[in-house]
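These are the structures in question, set out in turn.
The same subunit A turns up in both complexes below, where it pairs with subunit B and then with subunit C.
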Partner chain A sequence: MSIEKYTRSFLKEVEERVEEGHWVKMCMQCGVCAGSCPLGAHWEHTPQKIFMMIRAGKREEVLSSDSMWMCTSCYQCIVRCPRKLPITHIMHGLAYLAKREGLVPKNQPTAQFGQLFWDNLVKTGRVNELKLSLGMYFKDGFSQGIKNAMAMQSVGLGMMKAKRLNPMEIMGGHGIKDKSGFHAMLKKARELEDSRRKLA
Partner chain B sequence: MTEVVATNQTILVVGGGISGMTAALEAAECGKEVVLIEKNPVLGGRVSQLYRYFPKLCHPTCGLEINQRRVKQNKRIRILTMAEVTGITGSPGDYTASVKIAPRYVNENCTACGDCGDAAETMIDDAFNYNLGKVKAAFLPSRMSYPQRYVVDPSVIGTPEADKIKAACKYDAVDLSMQEETVQVKAGAVVWATGWKPYDANKIQPYGYDRFDNVITSVEFERLSDPHGPTGGKILRPSDGKEAKNVAFIQCAGSRDENHLRHCSRICCMASLKQTNYMREAFGDEGKSTIYYIDIRAIDRFEDFYQKVQADPNVKFVKSKVARILEDKDGNPVLHGVDTEGYHRYATPHDLVVLAVGMEPSVSAANIPAEIVSDSSGFIEQDQANGAIFGAGCAANPLDVNRSVQSATASALRAIQVINRVARAEG
Partner chain C sequence: MAKKQYSFYPGCSSQSGASSSNYLTSTQSMVNLLDVALNEIPDWNCCGASIGYAGGGELPRVALSARNLALSEQHNPGQEVVATCAACWLATREAKERLDHSATLLAETNEALKEAGLVFKNEAPPARHMVEVLIEDIGYETLKSGVKKPLEGIKFAGYVGCQTNRPFGIDGESFENPMYLDRMVESMGGEAITNYDQKVTCCGGALAFSEPEKSQKQIHDIIESAYDHGADMIVTPCPLCQANVEIYQGEVNKRYGKKFNIPVTYYSQLITVAYGGSSKDAALDGQIIRATRLEEIANK
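Let's turn to the complex of A and B:
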């Protein structure tokens, strides 16, 4: 049996590399977060189980879990937690680490949407609603995309009427003035975050 | 007019529960003069409202009776009931307390014959039974009442019913002209023993204490189990009077929670373990108890009591803080949560849910009419800055009866030391 089992190295990693990760050791395993979560029954692992797995050093299992991608940020767990752990933030922090480590489960819809949204936003500095919607419709192939688009037709038309969706955006869409400045800012922000969280 | 002879060699004890009585007796039996102030009409406090004590499961009447006899025999203790301290001025060895005394409308002539109670018609909430029942507006607060004197509720004063109550008394004990009064009491030292109150269960919204009849508190369960309680000792659930043979106990209801009470209330685990014995006593093998807990804290040397309950096949332990309670169509509370031994999601119906509510100080230190150093929960700290005002029992810490008595004795000793210094200085 290796000593590694007892070093709590993954807990230390989480404390260093995950936003609000230093709170994980404060969990007293009461289970109120799991019982209060409106989506709790659909998660692979409940928050208190994730926290216990972190302490038990189960790095692969935690980071490849779909749990943190199921969080809808309703904040019920934070409100109820008797020890005031910022559970929602920890979940998002773990999701980010999983993404950076390439351990996100395949075809995880929330993760796919996150990537799509990010790429869409970074391109011009503005979200292109049309391309984002089409991107989501067609992510599982062309024929599924047509089906999705037909199913969502009335919503799409409504958004167009309300001027929330401009069909002309297909040409490239609107953007901010100083795109290269924006990209430089993002690069710098990422550098800072990487050095702070030792992610590089 | 109430006359209180007190000097700066008197010890003022505020609160007449088990801690206050103990502090008063210890000081008086050491030869000190004591004035004992009690807010309620009778002494005994929360202990008198218990069915049994842990760990020996004897009845509190026993311990209280001994103390009442000691109080009765001791001429150095002056008791003021229905009295509250509204202000304290001065310094160690020289305090003056303002004491507000509410009218009892019954004087010392009372023999507790009960004729006034028979004459009364209005029913009021029975505070002794945590409002689970009603009593007449002329009543003896509890079977162990000391002083053994009736009380007339202020709600009937000025009505023809009050005159009827007065007329029924053969001993001229009912005095409807009594007024609220404030007296000044001198004291060299003060023992503050105002005890605890159960945390307001309505604040724990997911448990629905305010919405579901069959969710009650641990102090109410004590009254339900007591043969002299509102149900005659039958454990009946409030919604339909059905025997509650499948009871859930929820630990840390309010305690150890940053949203409610930050501290561990210490006694609730033992109280619930004790109450599983009431279930066994009432229903034998048919009485099923389930304890939902974060971790069981059978404080100090009570681990063997815990182990005995663990060995009982009719008691189940579920390691989980219940997330919320809903009600099914039959009025059964259904407990929802996820356990920590396997992370199983459960939705379990029970006949009755007992919330092991936490302890908070009856009078938070911030509301004590003197400068008092307290912890973040409002319990009195032992601190030089408090001068000769000493916290005792549950005013200073969440404690069980045994430790409250120890704490009260310690405070009496501290007060005695102050009085001895005063006496030496005065020669």
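Let's turn to the complex of A and C:
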């Protein structure tokens, strides 16, 4: 599906391609979400602005905004929204669409961490916290990685002393038994969703 | 056989050598003391947590939870799924809610599960948090009646956090000021700081890692308010809240010029100690900031 088809109706695109996107039109622009967000001071656009921009067809500006990536998944906006919009989920969905369309701001740290987290859990079926931490420290290269790891050394040592971080996890660590079934399941799920949401 | 049987979803961070392994150890001690059996879902996988949205999209994430639920239906039939981790509970409950509401999503999920030789029948009720088992299935009065060593003289700031509170929360509790954690503390003979004003503030979640400077402001406020209200320690039901608020105190001190050094414990540790368990049973050796007041009671 070509993007041009959607440019005049970004709202329609969001309704079809973003999880819980059909709720966007219900926003009444009260701004309670913006006032409730713990990272509200750091949003480029508040949620209600994002929703109005979607209705105004500002596709590029919405999908390249850093706003969705500030979501901590605290669900404060959901429980306070007088129209009951699942705002957290819409933000997650917009972020995912932005990623699939290649419009995420460059070096967005939460986008990078989110992808590292997903790749990490997919590999063995369970999260390997040691590899996840190291992956994040070393995302900008080896020398920056060493600096990051050194800066966080006392945190890491404290965790190891309390037996809540195991250096041996680097060897592989925990995982599920049926990895092949698990991988086949996720591959199929992605194919089905890509086809339904025209993401491929 | 234990009185109550549940299908247990422990979650990645609870595994040995992982960040909330002390939560699992103390939970196991707690349920033994309460005569509750947790039957682990065989070969369970990660729930995707919240941050999984970035790489996973919707259906693959729902499939993660559906696989766990399908395994639970198959191996622990008739048992309710119980999670101790806030994110595990939330993701599992959320997935089921979506599958209940969308025939398309349910059909696609089962098509994906077929690849792993599984089927999700959607027979069981929504997943529950361990806190619900304690306060709804057992109840505050019964919990209180088993206390051997009351946590006398310890002041607790009950830090509920986000995901055990929103969007589902605990029945009968408000999102803005849930009281269940305070009531659990009081049932154990401790002193709950009921006007602790940061009890539902977000710790930053996964962004503690990716956006440390933004998240540490949250962590700072959560800890400072606990001090301002005279707390001896913080108690929480969430493994990520616990980790973020405990392990970054040194970083927060550097950034804000503070001298914070307050223990952050789990309700399961409080109950284990109050029920007469040892420091080891309560996994107090898993604290980075030692909870010495609890250790003293445990060692009495």
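In this text, the second predicted complex is superposed on the first by the 190 of 200 C-alpha atoms of A that agree within 3 Å, B and C clash if a C-alpha of one lies under 4 Å from a C-alpha of the other, contacts with A are read in each partner's own complex, and residues count from 1 in each chain.
Methods note: a contact is a pair of C-beta atoms (placed from the backbone, for glycine too) under 8 Å apart; a residue touches a chain by one contact, two chains touch by 3 or more.
Being a predicted model, the structure only gives us computed values, none of them experimental.
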Partners on subunit A (subunit B, subunit C) - clash or fit: fit
Cα-centre angle that subunit B and subunit C span when viewed from subunit A, reported as a multiple of 10 degrees: 70
First (subunit B), second (subunit C), both or neither touched by A:Ser73: second
First, second, both or neither for A:Gly31, with subunit B first and subunit C second: first
Contacts of A:Trp118 with subunit B and subunit C, given as first, second, both or neither: second
Contacts of A:Lys188 with subunit B and subunit C, given as first, second, both or neither: second
Touching partner for A:Lys49 - first (subunit B), second (subunit C), both, neither: first
Contact breadth on subunit A, by residue count: subunit C or subunit B: C
Touching partner for A:Glu60 - first (subunit B), second (subunit C), both, neither: neither
Partner chain in contact with A:Gly40 - subunit B first, subunit C second, else both or neither: first
Smallest separation in angstrom, by C-alpha atoms, between subunit B and subunit C in the superposition: 9
Common interface residues of subunit A - those touching subunit B in one complex and subunit C in the other: 79-80
For the subunit A and subunit B complex, residues of the former touching the latter: 28-32, 34-36, 40-41, 45-46, 48-49, 52, 79-84
Contacting residues of subunit C [partner subunit A, same complex]: 12-13, 15-22, 43-46, 48-60, 62-64, 67, 104, 108-109, 111-118, 162-163, 166-167, 169, 175, 201-202, 204-207, 209-211, 214-215, 218, 243, 247-248, 250-251, 285-288
Of all residues in subunit A, those that touch subunit C in their complex: 19, 38-39, 42, 70, 72-76, 78-80, 86, 88, 92-93, 95-96, 99-100, 109-115, 117-119, 121-122, 125-127, 129, 133, 136, 154-155, 158-159, 161-166, 168-169, 173-174, 176-178, 181-182, 184-190, 192-193, 196, 199
For the subunit B and subunit A complex, residues of the former touching the latter: 206, 252, 256-260, 294-295, 319-324, 336-340, 343, 345
